[in-house]
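Heads up, the next two complexes both have subunit A, just with different partners, subunit B and then subunit C.
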Partner chain A sequence: MRGTPTRNNPYGDGKVVDACSIFGVIDVTGRPFSGDRAIAAIACMHERGNGLGGGFAVYGCYPDFADWYALHVMYMEYDVREHVEGYIGSHFQLHLAEPIPTRHVHTISDPPQLWRYFVSTADHPLAGEAPDDYVVQQIMRINTRFRNAFVFSSGKNMGVFKGVGYPEELAEFYCLDEYRGYIWTAHGRFPTNTPGWWGGAHPFSILDWTVVHNGEISSYGTNRRYLESFGYHCTMETDTEVVAYAIDLLVRRHKLPIEAAASVLSAPLWSHIDRDSSPRGILLRTLRQVYPSLLLNGPFTVIIAHTGEMIGLTDRIRLRPLTAARHGPLLYLSSEESAIRLVDPDLGEVWTPLGGEPIMARVLAPGEGLPGPQAAARPFGGGTR
Partner chain B sequence: MSDHDLLSSDPDQEIDAHGVHYRDLNARIRQALQRGPCQRLALRHVCGQRYIGTGLRSHVRIEIHGTPGNDLGAFMDGPTIIVHGNAQDGSGNTLNSGEIIVHGRAGDITGYAMRGGRIFVRDGVGYRAGIHMKEYAARRPVLVIGGTAQPFLGEYMAGGVVLLLGLNLQADEPHPTVHVGTGMHGGVIYVRGAIEDWQLGREVGRAELEEEDRVLVERLVYDFAGHFGGDPQAILRAPFVKLFPLYLRPYGNLYAY
Partner chain C sequence: MKSYLASRFVVLRDQERCIQCRVCVRQCGYDVHAYDSEAGDVFSCDERCVGCHRCVVFCPTQALSVRENPLSYRANANWRPEVMEDVLRQAETGGVLLTGMGNDKPYPIYWDHLVLNASQVTNPSIDPLREPMELTTFLGAKPEAVTLDPETGALATELPPQVPVAVPILFSAMSFGSISLAAQESLARAAAEAGTLFNTGEGGLHRSLHAFGEHAIVQVASGRFGVDPEYLEEGRMVEIKIGQGAKPGIGGHLPGEKVSAEVAATRMIPVGTDALSPAPHHDIYSIEDLRQLIYALKEATQYSKPVGVKIAAVHNVAAIASGIVRAGADYVAIDGLRGATGAAPKVMRDHVGIPIELALAAVDTRLRQEGIRHRVSLIAAGGIRNSADVLKAIALGADAVYIATAALVALGCRVCQMCYAGKCSWGIATQNPYLTRRINPSIGARRLANLLRGWSLEIQEMLGGMGINALESLRGNRLHLRAVGLSESEMRVLGVRPAGE
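So, the complex of A and B:
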């Protein structure tokens, strides 16, 4: 990363104190809106990142192609593209292929080739009854078989836009001012244990699941090996990748409700489970016993999103921050409260969930009213987990 | 002069912090104090700037309008900071002396390692408030929380005073927290309202308040009401419990072979 030391440390400090920043906003009426708020909010937390990674997930950004999987692919070397395109052409029905629109930003150096492909599985004999499984399988093949080519977004009517730089610079680079979505999540990176490269930026994604993450997942090795037995292969050199695959396995394939999946990833301590003799305690015990290898150990806060829903979750003893806020149909999640107040000064409720307690917001069904206050009744939004 | 009188008059100097980087904001605060006598300095449109008042040695009163960023008043030595809004994480980190008064809530690790001074929070605080507070001789830091606290209040506490009032709880509603005082080996935590033994760290004992405890709690409750209003006598009528460390060196043998 040429030139990054001075960019990361403009004041020549002896020590640079950073942390990742995460932000998410959903309009539960499903109304698409511009990325202005998400971009301004993540830029407000500029100090938390160091310019070695930033990115956004936008839901509802491809309404005209909503029935097709949108594959975003980064090519780290020139020649690999024709091989991958040959593979995509022979394993999917390809409807549209084009470079992802970008513009020149002087601080974004050496970007890979970035392409997107709108595909379906309709006519492919192997896709059969489970097109999502087929798509996951093909992405794993591309990411493991082709050196220097990575599919980093693969859902329908959503997209991940990420790379090396500060998030507000990447928003400019990817022309995100031209997109609208009903969920925006954003990430500013301070890489700790792994390199700051384009594939290692957040969000991490599989199908329409995306994850932005602040923290370190020290159980990465255990999680990764477990997920490999279900056909997920980690290729992005960053711990967060396992969260995307774990949530796909738990919710899409094993059909767990989000609350149960959250209790797997951020399982309560045994001392808490032992005190709970209710059916809930039995459920929590069962989940810990069935899925010990998907417990995420170490400090984390994540914002997970998929079609129609956004979820905030922290580790069980909340070693990384998360603030939630609501204003009418908008729900915000952020590493810092100030970032939310910058883009929405007239918040109705602001609260901080307890560790391991998921904050969920989903797009309302037609005719469904807005949910009641989440924060007011419970000062920190939860019981004594 | 009471809080009310101060708020109804104009500050000596003002800084509009809108869009100002935290380094520049702190530089401008120091410039303002050097420019001439300044007893009251108002910061407007603060939004996430970190380290406001860091290491500042002065007796100025800084009034913050907006949402200050992390590590508010870190290493500060003397000033009074009044936040009209919520504070984020790490307020009063290693505070030396002075006061931080938050007319709202405060985030995680409020009062982290403070070794002097006082912090008053009107509403609740996040995880690990008062972590590793310490004291030496007359330097005895104080953290007063009007609402309740998320888990690990007073974790690894080595000195100082935490007062948890629980004013936002219903009568008899226990504090929704756990692991209070985990690793505590000094200082004292006073809790108003109900807290069960299972909510405490294993290094923590509980006792009735003695006369000197009552005097201290009463004085802090009156100061709290002076900042935020409310009837101190009514606050004091509820039951209090004193939490203290059972062992002064719980990990003395942990690394001794």
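So, the complex of A and C:
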């Protein structure tokens, strides 16, 4: 742990930029499966990373503690754990605290201390009606107040496992072979201006939202300053963080459907909106007029996930790759098609989404049938752009 | 009294080229040139020349040139020529010195110390010739969030009135009276062609321009000239003018000689009377009074158009702007130290107010700190000279900019600063029909629309270079700016980092 960088942006650059590989898979029946596919697929795209960061998000991995927030915390310094645990103890009801199981991997040197805490806000007077808001606030506080501690996962029945190394090495390190989940997303990182910091790896997460991201968001300054007006502090100085907070604001706080949020982040062109006088066109127009500062500009592909749902999205002129594929109840999203074919050779459908077209897949309600071909891929409200 | 002032310019006439056509005699608004029929010669009274170049440009044989009088004073960093000349002028007139256009003193121009970013490797630049590049901007108040009906999923938010502009560049307030009707019509037509707005200033909207009401911001200033329900109805937006960058804290004075029948009818005052705008609005002595006027105007227009407030950039501009937003304004326009005027006391123009770059940055930052920036539009004015200035203003936090001097320069203006004299040889700042006829509004509009087109092409190039394909992604994006040669405190106010960091 000595020499473990404690900041994402040691050179104080305007922001951290990186390029990457991303992968995601969901079983829409909600059946948990092992991480074999996600790990093999992300390893297949080894060349797209440089060993300075990798990680996974697994949904459905803590079924026994599904009602509690699972806080994953990394400590870059020994002494700070005591203080953070004191803070957690006095701001949450703590049900279980334990080190996150890891095994020794020779290429992974100097990992931070990694702990997880299963907590609830049950009887905390301040949590009141909006426990999620309370949790977000507390995490922002821990992450800004304690210099050498960082909460990197905070949802229920899901977890983020990430660090410095190639993703397949991190999978080994975090013993991911022992977990099962119905959504797996994965990331291999190629940071261009940072030595690699454990907290700076993807997925980025707030509550049960996770984002893995490939690209550089040239609207970062605009997005960041807008989000600051709403109390989000971009402590990581990476554009990926901005995506996570934007989604949180739009979906959780402003209660917009995820499709609407996607059309804020990758807004259709005015020339398209202007041709559409239907209620949908008016909605798109209103969204773009009210949230211009959340348009994500510049090249990106993201896979966003939260409980029961996974979404793939590219920038509106698709400057970074994304391939989607289906096989029965499985939907895959990947930077490269080869990675999907490696882990599932007989795919039903494979396609390249249009720029800005969200690919959404959610766990089916009981009794709901599998969607038809590409049904998971229908852009917001049906029809194509 | 014999004037002790030496002439400012020397008119040079190449006698070999001069064909005594007397074009210069007719073109000069200041009676510099005259024809001596006995000698068969054209000669000039140099002391009247203001350096407007009208004669130079129109002389068919290029016989004319105008030079600054190379008169040398004994060098003195303190008693510079301008300082002494002002003293002389006042000794001869005993009055307040008037001037026109914007502050010409060498205050730092922060635009020239800010540089823009471009993409290399990690982020592809975007070629505007191949890819869409969006400049459309919506002016008007925005709600905090979009709300959908939880039952039906239908849109439940109704937006306050939004006014789209195709380029983020609006023509700033220039009243009919301060400029000619032909000049104002040129602005109106160009605004219509380019999909943007012009601003009537405080002189009302002439009947002939009602056709351009869709592209007009109608101003309500302290004199209330030309304001009636029809005027408010005609405009696309309504602007309450509190102050102007060239003369913060004082009103306006259009002398009776300029109040021609047309100006009088448009301003709704008797012909030949002085049009005096009081320094404050006498119904606005505090922020709650401003709120009343904002809502009175909204009521009068049935909440169908944005009502904004224009202020001069003064020391505590951030706090004032925040108050204005809370008072219910849909946009705030801030006019900086270098903003121009048709007439202002020179001492005010040159010494009162702060530069727009600092004011804009301070206002944007403050509104964000208070979590209200996204509710309103912000328009920056006063010293925008080219497309790079526009883009830098947007990166500092503006939604759009106002231009006025640049627009007049497009019509021929040489910034001679004599607008207050009403003799403008270019037919801009005058009501003399002999002079105003020189502006053909359709040609004037062509020149202005060309300017906006050129700037918008350049803006697209620069945006594409930054890897951005919608202007809104640069708004307030100060990471795309770096400072060169500024102090720590200036960079702090501007919210930009030094180049290289």
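To be clear about the criterion, the second predicted complex is superposed on the first by the 353 of 385 C-alpha atoms of A that agree within 3 Å, B and C clash if a C-alpha of one lies under 4 Å from a C-alpha of the other, contacts with A are read in each partner's own complex, and residues count from 1 in each chain.
Note that contacts are C-beta pairs under 8 Å (C-beta built on N, C-alpha and C of every residue); 3 or more make two chains touch, one makes a residue touch a chain.
None of the values given here were measured: they were computed from a predicted structure.
In the superposition on chain A, A:Arg341 makes contact with subunit B only, not with subunit C. In the superposition on chain A, A:Gly221 makes contact with subunit C only, while subunit B stays out of contact range.
Of the two partner chains, subunit B is the only one that A:Leu354 touches; subunit C does not reach it. Legend: residue contacts after superposition of the two complexes on their common chain; A:Asn148 is shown touching neither subunit B nor subunit C.
Looking at the shared chain after the overlay, A:Ile317 reaches both subunit B and subunit C.
In the superposition on chain A, no contact is made by A:Thr107 with either subunit B or subunit C. By the touch criterion stated above, A:Ser293 is placed in contact with subunit C alone, subunit B being left untouched.
Counting the residues of subunit A touched by each of subunit B and subunit C gives the higher count for C. Once the two complexes are overlaid on the shared chain, A:Ser34 sits clear of subunit B and of subunit C alike. Touched by subunit B in one complex and by subunit C in the other are residues 317 of subunit A.
Across the complex, subunit B meets subunit A through its residues 22-23, 47-48, 50, 66-70, 86, 88-89, 107-108, 123-124, 126-127, 147-148, 150-152, 168-169, 174, 176-179, 198-199.
Taken in their complex, subunit A has these residues touching subunit C: 12, 14-15, 17, 19, 192, 215-216, 218-222, 225-226, 228-230, 253-257, 260, 267, 269-271, 279, 282-283, 286-287, 289-293, 295-299, 316-317, 319.
Within the complex formed with subunit A, the residues of subunit C that make contact are 119, 121-124, 126, 131-132, 134, 136, 138, 142-143, 145-148, 150, 153-155, 157, 159, 162, 368, 371-374, 466-470, 472-480, 497, 501. Across the complex, subunit A meets subunit B through its residues 11, 44-45, 47, 272, 275, 317-318, 321, 323, 336-339, 341-342, 350, 352, 354-355, 378-380, 382-384.
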